[in-house]
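Alright, structures below, take your time with them.
Two complexes are shown next, each including chain A; its partner changes from chain B in the first to chain C in the second.
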Partner chain A sequence: MSVLELKNISKNYGAIQALNGVSLTVEPGEVVGLMGDNGAGKSTLVKVIAGNFAPSSGEVLISGQTVNFHKPLDAQRAGIEVVYQDLAICNNLSAASNVFLGREPTRQFGPFQIVDYKHMQNRAVELFARLKSETRPRDLVKRMSGGQRQAVAIARALLTDARIVLMDEPTAAISVRQVAEVLNLIRQLSEQGIAVVLISHRMPDVFEVADKVIVLRRGQLVASKNASDSSPEEVTGLITGAIEAA
Partner chain B sequence: MSNSSLSDAINNSEHRSFISRIASQQTFWVFVAALLACIALTLMTDTFATERNLFNVTRNFAFIGIVALGMTAVIASGGIDLSVGSTLVISAMTVSVTMASGMPFWAGCLLALGVSLVVGAVNGVLIAYAKMPSFVVTLGMLSIARSLAMVLSNNKMIYQFGPDHDFLLWLGGGSTFGLPHPLIILLILAAFTSFAFRWLRWGQHLFAIGGNEQAAVLTGIPVSRVKVSVYMFSALMAGIAGILEVGWLGGVTTNLGQSMELSVIAASVIGGANLAGGVGTAFGAVIGALLIEVIRNSLILLGISTFWQGTFVGSFIIIAVAFDRFRQARGYE
Partner chain C sequence: MHKKDLGLAILIIAVGTVVYLRNPLFLSPINLGNTANLIGLFGLFAIGQGFVIMTGGIDLSVGSVIALLGVVFVDMVGKFGVPWPLAVLIIILLGAIIGLGHGLLITRFKMQPFVVTLCGLLIYRGIARGYTAESTAGFPFGASFPDLEWLTIGRSFGVPHSFVAMIVVAIVMWMVLHQSVFGRHLYAVGKNEEAARFSGIRTDAVTISAYVICSVLAAIAAIYFAMFTKSVQPSSHGNFYELYAIAAAVLGGFSLRGGEGSIIGVVLGAVLLQELQNLVNLLGIPSSLNFAVMGTVILLGVMADQQFSAFRARKSAAQAMNLLQKDEARM
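Right, the complex of A and B next:
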């Protein structure tokens, strides 16, 4: 069964129609590349799935169940995690603290509930090992590379046993070597059965990891097909409108 | 590499040795500076190392230190509290007026701390829920709280504290095992604050908010509630210092704690708190307060006009911040 299904999703901001009748499915463990020109509606689509706001019309189904998210926490509880580039990371804290931010485990110490650093440390080691990332839980995030920061953000998704991870431009501002690192992380998630929706303007990155490519143009879905049946040239044509639909 | 050896490698790579970690702490260097100043003063004057002078220094710095603990929490959360001096005086006035009217100490104490907490809550709510800049809100409160203290006391000096008069003076001015009471209370509060910063979720959350407020919101931390609690904590510290200072002085006027915020902010910043938020330690604040008081004391002992004090304290803030910028520019942090 599809882990995520969208039926006829539309969203308008006042007079602007950002999404227009978008339908798609995502399978467990599938990596979906979501592409489109600036303003095509990619971020809007991700925000609808993540519960930042409700669609103007249409239906969202998680594992076959219709859901109505009113706030991001609702989506999080349903197993949807968003990796917000640098936005959700505190540079002044350690990697482990960041992974557990807002969900710190505690233990009893006299009259106090104190943060269980040992547990956090052990869990973080385990999560980074699962991601095959060389990120040290005790290191401050500000001393880390872009790829390691992504690992921290993605480890958060593993911690909550997410079923779908949404990533908006995770490779936009990092070096080539780190891009490879992030793509590896995405493969690891997929291997654990977690679906990944990846928004990127970088064609080679998408084709390197995606099982399926979805193209939006002015709020409409113009293609949804297996990456192996498509090509960067075709997708470029679809994005610009040189090719009507595929 | 197998999973277990990978995690072993990760665990064992303790990046820096203990010594280099200590040496990279601003608190350590400030402590060294304070120590050097003390040694220099001992050699240069025969008045510094007297029991009486040391007693005065430790007691004076305790008041700044206590308030600096709260200020450090506020600064670490990414804000500033300019109203601490006024909160201190309104607390001092409340306890004095209550006790002068014949009520016991505990009643005056509870009332004073209650009033302080209300001041902090008003600051916090305006900053966290009305989203007003902390600078503006606490600047307004600086004026309001002092004015209310004048209204409360009719701007008269109070030096009679009813039935528990002697207890109040003992609490603020006395000593136990040779240690002035304000110093003992400072050490207890510093230990508690340090514990809370490191071990309570409250501490984690306030540092997260100071580091990246948006991240804190996105991860579901109750940001507004934590912020209100931080300003209440700061006001509570100022309130406690206010009560002790009345006991030490044996009387109170409405200019108590005037422009104290400057020394307190200086103590926090010298102690390593970063005005940009996300960084600061309780013991740093204590050491910062100590350094300021030693310098202040040395000006007096060396016969330098007290008019220079403001220049020193002000320069300290600027130098500490400049130092921070410099380290950042060199990519040290």
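Right, the complex of A and C next:
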């Protein structure tokens, strides 16, 4: 069964029609590349799935069940994690603290509930090992490379046993070397049965990891097909409108 | 202990040594006792200010809160015969309400902390002056409250209880800031509110709590100050105290941008400020220069700290570049 299904999703901001009747499915462990020009509606689609706001019309199904998210926490509880475009992590905290932000484990200390730093530490080591990342839990995030920061954000997804990870431009602001690191992280997630929706403007990255490519143009879905049946040239045509639909 | 805290501790010891060499009275029990009392009084509310600054906000109303609640406390106990434990509870409750008001205005009405608490500064001072009709609030002659006095201005083994109270508060607040989940969230909210919100943290609640903590500690300090001065002059009592608190926090490594600082830091900041006051007195510097000395030291301290951090950042960046180059050479 599809882990995520969208039926006829539309979203408008006042007069702007950001999404127009988008339908798609995502299977467990599948890596989906979501592409489109600036303003095509990619981020809007991700925000609808992540519960940042409800669609104007249409239906979202998680593992076959219709859901109505009112806030990001609802989506999180349903197993959806988002790695945001501008990386929602706190520079002043350690990698481990960031992984556990908002769900810190505690232990009893006399009458107090205190943060269980040791547990945090050990779990973080485990998660980074699963991601085959060299990130050290104790390091402050502000001293980390872009790739390591991604690892921190992605480790959050593993922590909650997410079933779907949404990534908005994870490779936008980092070096070539680090891109390879992030693509590896995505493969690790997929191997663990977690579906990944990857938004990217970088065609080669998408074709390197994606099982399926989805193209949006002015709020409409113009293609959804296996990556192996498509090509960067075709996708470019779809994005610009040189090719109507595929 | 952070590197910053350690640096501050060393500075305190160095300044102390210099003052002692110039005037040995510095280490006399009387002077130490008096200074400890002042550190306790000012430390109490400086810790609270730290919580607010941690969120990236500021509380300018602290001095006025100390005056208003001081007046109310003295009147309740001295004039209306309210049993002092009840009066203490009421004052703390009033403090909480004030903090809650600030927090709600800042989070729900999206007002700037500076504006909200500046208005608080004016309003509470005005109420204190209006309520007393500018006359000094004091205890009636001959009135005595042995238990209350023991708790506030008493001493054990020469250690003033205001100092003890500050240490107790500091330990509790250390637990809150550095060991509790709330503390983690406070750091997160202060640095990157959006990220905190996306992580499922109720950021408004965290911010409001910080203002409540600040005003409650100011309320407790108000009681200690009122008992220490025995009378409260509504137009001058607590004037500029918010600036002492902010100065202590900044000296203690808090960033006014939020998300940085420690309890040990702000306590050491309060210690250094009182040490400087003491220095002015003991070295025969005209006390009119008091603020000038304080301002200069804070300025130099913060400047030195930033230069040092920038130096460290450059060094680690250079190291990282080196590693990268070696990496690439291997590839």
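Couple of notes before you dig in:
Throughout what follows, the second predicted complex is superposed on the first by the 243 of 246 C-alpha atoms of A that agree within 3 Å, B and C clash if a C-alpha of one lies under 4 Å from a C-alpha of the other, contacts with A are read in each partner's own complex, and residues count from 1 in each chain.
Assume a contact is a pair of C-beta atoms (placed from the backbone, for glycine too) under 8 Å apart; a residue touches a chain by one contact, two chains touch by 3 or more.
In this text, all values refer to a predicted model and were calculated from it rather than measured experimentally.
Overlaying the two complexes via chain A brings chain B and chain C into a clash. Legend: residue contacts after superposition of the two complexes on their common chain; A:D139 is shown touching chain B, with no touch to chain C. In the superposed model, A:P72 lies in contact with both chain B and chain C. Judged by the touch definition given at the top, the superposed model places A:V125 against chain B, while chain C stays out of reach.
By the touch criterion defined above, A:S23 reaches neither chain B nor chain C.
Judged by the touch definition given at the top, the superposed model places A:T160 against neither chain B nor chain C.
Put simply, more of the residues of chain A are touched by B, taking chain B and chain C as the two choices. On chain A, the patch touched by chain B and the patch touched by chain C overlap at residues 72-73, 76, 84, 87-93, 97, 101-104, 106, 109, 112-115, 156. The part of chain A that touches chain C in the complex is made up of residues 72-73, 76, 82, 84, 87-93, 97, 101-104, 106, 109, 112-115, 143, 156. Residues 3, 6-7, 10-11, 13, 15, 199-201, 203-205, 207-208, 210-212, 214-216, 218-221, 278-279, 333 of chain B are the ones touching chain A in the complex. For chain C in complex with chain A, the residues that touch the partner chain are 175, 179-181, 183-185, 187-188, 190-192, 194-196, 198-201, 259-260, 316. By the touch rule above, chain A contacts chain B in their complex via residues 72-73, 76, 84, 87-93, 97, 101-104, 106, 109, 112-115, 125-126, 128-129, 132, 134-139, 142, 156.
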